[in-house]
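Presented below is the structure to which this report refers.
Labels run A, B and C following the written order; every chain starts at residue 1.
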Amino acid sequence: MIEIDGVSQVFQTSARQDHLALSNISLTIEDGAFVSILGPSGCGKSTLLYIVGGFVRPTAGVASMKGRAITGPGPDRGPVFQEFALFPWKSVLGNVMYGPRQQGIKRPDAEAQSRALIEMVGLKGFEDFYPKELSGGMKQRVALARTLAYHPEVLLMDEPFGALDAHTRTRLQNDLLNIWERDRKTVLFVTHSVEEAVFLSDKVVMMTRSPGRVREIIDIDLPRPRHRTELLLDPRYQKYIVEIERMFDDSGDDELR
Amino acid sequence: MNGRAITSDALLGMIPIVLLVAIWQALISFGYAPITLLPPPGQVFSRMVQQLLTTSFQQEIAATLFRLFTGFSIAVILGVAIGLAAAVNPTINTVVRPIVRVLAPLPKVALYPALLLLVGFGHESKILLVTFDALFPILLATYHGASTVEQKLIWSAMAAGTPPREVLFKVVLPAAAPSILTGCRIGLVISCIVVFLAEMITSTDGLGHALVTAARTFQAVDMFVPLITISLVGLILNGLLELTRSYLLRGFPEA
Amino acid sequence: MLRRAAPLLVCLGLLVVWQLASLVLKSDSFPTALEAIRAIPVVLGDKDSLVNFAASLRRMAIGFAVGVAISIPLGLSMGRSRAVASLFNPLLMVIYPVPKAALMPIIMLWLGVGDISKTLVIFLGVSLPVIYHSFEGARAVEEKMLWSGAAMGLSSTQRLVRIVLPAALPEILTGCRTGLVLALITMITSEMIARQSGAGNILFNALDMGQYDTVFAMIIIVGAMGIVLDALFERLRARLVRWSEPQFDIPLSFS
């Protein structure tokens, strides 16, 4: 269980002024839940994810996992970034093996596990390729495999499909759900796409525009495993999307007023 | 880019070089330049081949290469170490930045007389001058590369369980490698130039000294040979570094 | 405040270190910083050396100006035309590792020891970095910007002058900055080699005659010239290309 308790984040802008990015966020994420954080750009949703990851220390408040305060990054929380952040000097296999090797797993074992993961994300045959030789979608598959390879308890996904074209994006969403169905890890998923959030999540956390606050938490009560074609015809699915889209419009108005 | 385009590019590139040699030959053939001042290209090249086979000339090359490599190696070690340290440690950065700002544009060759007085006329003064001159491009390139490493690369490694003190060698150093190698390339050419000049200014051996000796006795042919040799040395070393670079950076885009 | 004063503090710190080192070493050939500074007015007060200095600077200015005037158009056309680039690239590659100041003895053989030889060598020294940076700058200009220009009816020469030149200006000026320091270095080095007149000559004459405080005073003068020239040019550059992204602010200088 991840608990975020009264977290605020202040950044200094280049003009040396304080900018309040997150304001007093409190949130509980149950084990095994797929939770999306949804909000307009600049609402600090990625910052919140970085705080859970331990990459950024909150200015106020505490984020904790299993009752222990988060003080830094650790292999129990695995990030997947929009920018992929693959090591360009390592092959696909080298990238995926990095985590297990850091955990002290012997090379042959690490390699066997990594090869299995690469196959699972659909990249069998690309083990010796370098990231530069792969398309964006393939790179993100490698990044996912690299993170899964060190068996994090929580996946922290920072707009992972944001840089991909619409078609690749849908395919990766489907594949992510399939992979997730196997062990139902806790997932914290940041996105600005309403459709993506509803399709993937058990719970959608709506945030307000800057400074980011929790505006609404919506439980998505749709059956799993989910199939896109079925959902698209499902009135409940459509209702969630319309409902959240309307809230989005509201928060836009807030900004203008 | 296909094979034919590369061949035609290479042919195009030969034109000015061939033209230069042709003009050189023509100047002599048509009597515009006396042979004592401008020896014909054929004579220079045959003299060069002949020289390359003599032990004494090989020793000159060896002396130059020894100074070049020693100075360059020290510059690489210092440059990479200081550059990395300044990129990751704010305190070191505050100290190193202004020092580099002052020392980088300093005409290092002006320090040569001081080096001569301090460490003597032997190898050391020349090696130190090479180090001083090659140091800054390598240091700056390393600093630049290391301070622009993508934050998320570091985060990814830390999340995978890399302890902070290992991040420097497991992420920052390899991620800065393209930049470091570019710096090394500039540093290497500078080393070639500087070692030759230092040998010309004062030395008892080396390629630069060979040129000065020839100049004192007005042996025009022998003046060309060391110059062409240092150009070849530069080209060969540059080529070797380029090979190393494309091997080390095979994963990087645009390597 | 501290940021601006930092380079001055560094200079002061270097002088202090020097002073302490010389006091510890107590060597005849290593005067203290104070002794060297005291010798500066003596050197600069000498009418002959002042005239020499002025002549050196004049040659340097001319060599730099001519070098820039020729190198920028060449570099820009190389950056925009593949044919021009492949025509000149190999030639430049061959010339690159040749120490320009080392050509001094040969050029002196042909053109004598006058101003022309010395200016020519400075010109050669300045050219390569300016060509290289103009080339890189022009190559990085976005194709679509040129398409817009063509759509507005600009001829290819107009596009080179009105689009490529300003777009590549930050990079060109970086090249000029390196070129400027190189002009100074080439000037000093060629004077050290030719030993006819100028700052480099004063340096080595003093060395030969054992006037060590003069040697070190000259080093301070030449070093200060490098740093001041570079700082002035950087101010000018920052003013001219205020619109561009702030870039890496320490120049790569070498001989």
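We take it that a residue touches a chain if its C-beta (ideal position, glycine included) is under 8 Å from a C-beta of that chain, and two chains touch if they have at least 3 such contacts.
From a predicted model like this one, the values you see are computed outputs, not experimental measurements.
Colleague: Report the chain whose CA-based centre is farthest from the CA-based centre of subunit B.
Modeller: Here the answer is chain A, farthest from subunit B.
Colleague: What pair of chains is linked by the largest number of C-beta pairs in contact?
Modeller: B-C
Colleague: Can you name the chain whose C-alpha mean lies closest to the mean of all the C-alpha atoms?
Modeller: B
Colleague: If you average the CA atoms of subunit A and of subunit C, how many Å lie between those two points?
Modeller: Result: the chain centres lie 52 Å from each other.
Colleague: So the centre of each chain is just the mean of its C-alpha atoms; given that, what is the distance between subunit B and subunit C in Å?
Modeller: Taking the mean C-alpha position of each chain, the two centres sit 18 Å apart.
Colleague: Can you work out the whole-Å distance between the CA centroids of subunit A and subunit B?
Modeller: Each chain's C-alpha centroid was found; their separation is 47 Å.
Colleague: Quick check on the complex: what are the subunit B residues that touch subunit A?
Modeller: 150, 152-153, 155-162, 171, 174-175, 177, 249-253
Colleague: Spell out the part of subunit A that touches subunit B in their complex, as residue ranges.
Modeller: 50, 53, 55, 72-75, 77-79, 81, 83, 85, 87-91, 98-99, 102-103, 130-132, 143, 146-147, 150, 152
Colleague: If you look only at subunit B, which of its residues touch subunit C in the complex?
Modeller: Those residues of subunit B that touch subunit C are 9-10, 12-17, 20, 33, 37-38, 97-102, 104-114, 116-118, 133-134, 136-137, 140-141, 144, 186, 189-190, 192-194, 196-197, 200-201, 208, 211-212, 215, 218, 220, 223-224, 227, 230-231, 233-235, 238.
Colleague: Can you tell me which positions in subunit C touch subunit B when the two form their complex?
Modeller: 6-7, 9-11, 14, 27, 29-30, 82-83, 86-91, 93-103, 105-106, 109-110, 181, 184-185, 188-189, 192-193, 203-204, 207, 212, 215-216, 218-219, 222-223, 225-227, 229-231, 248, 250-255
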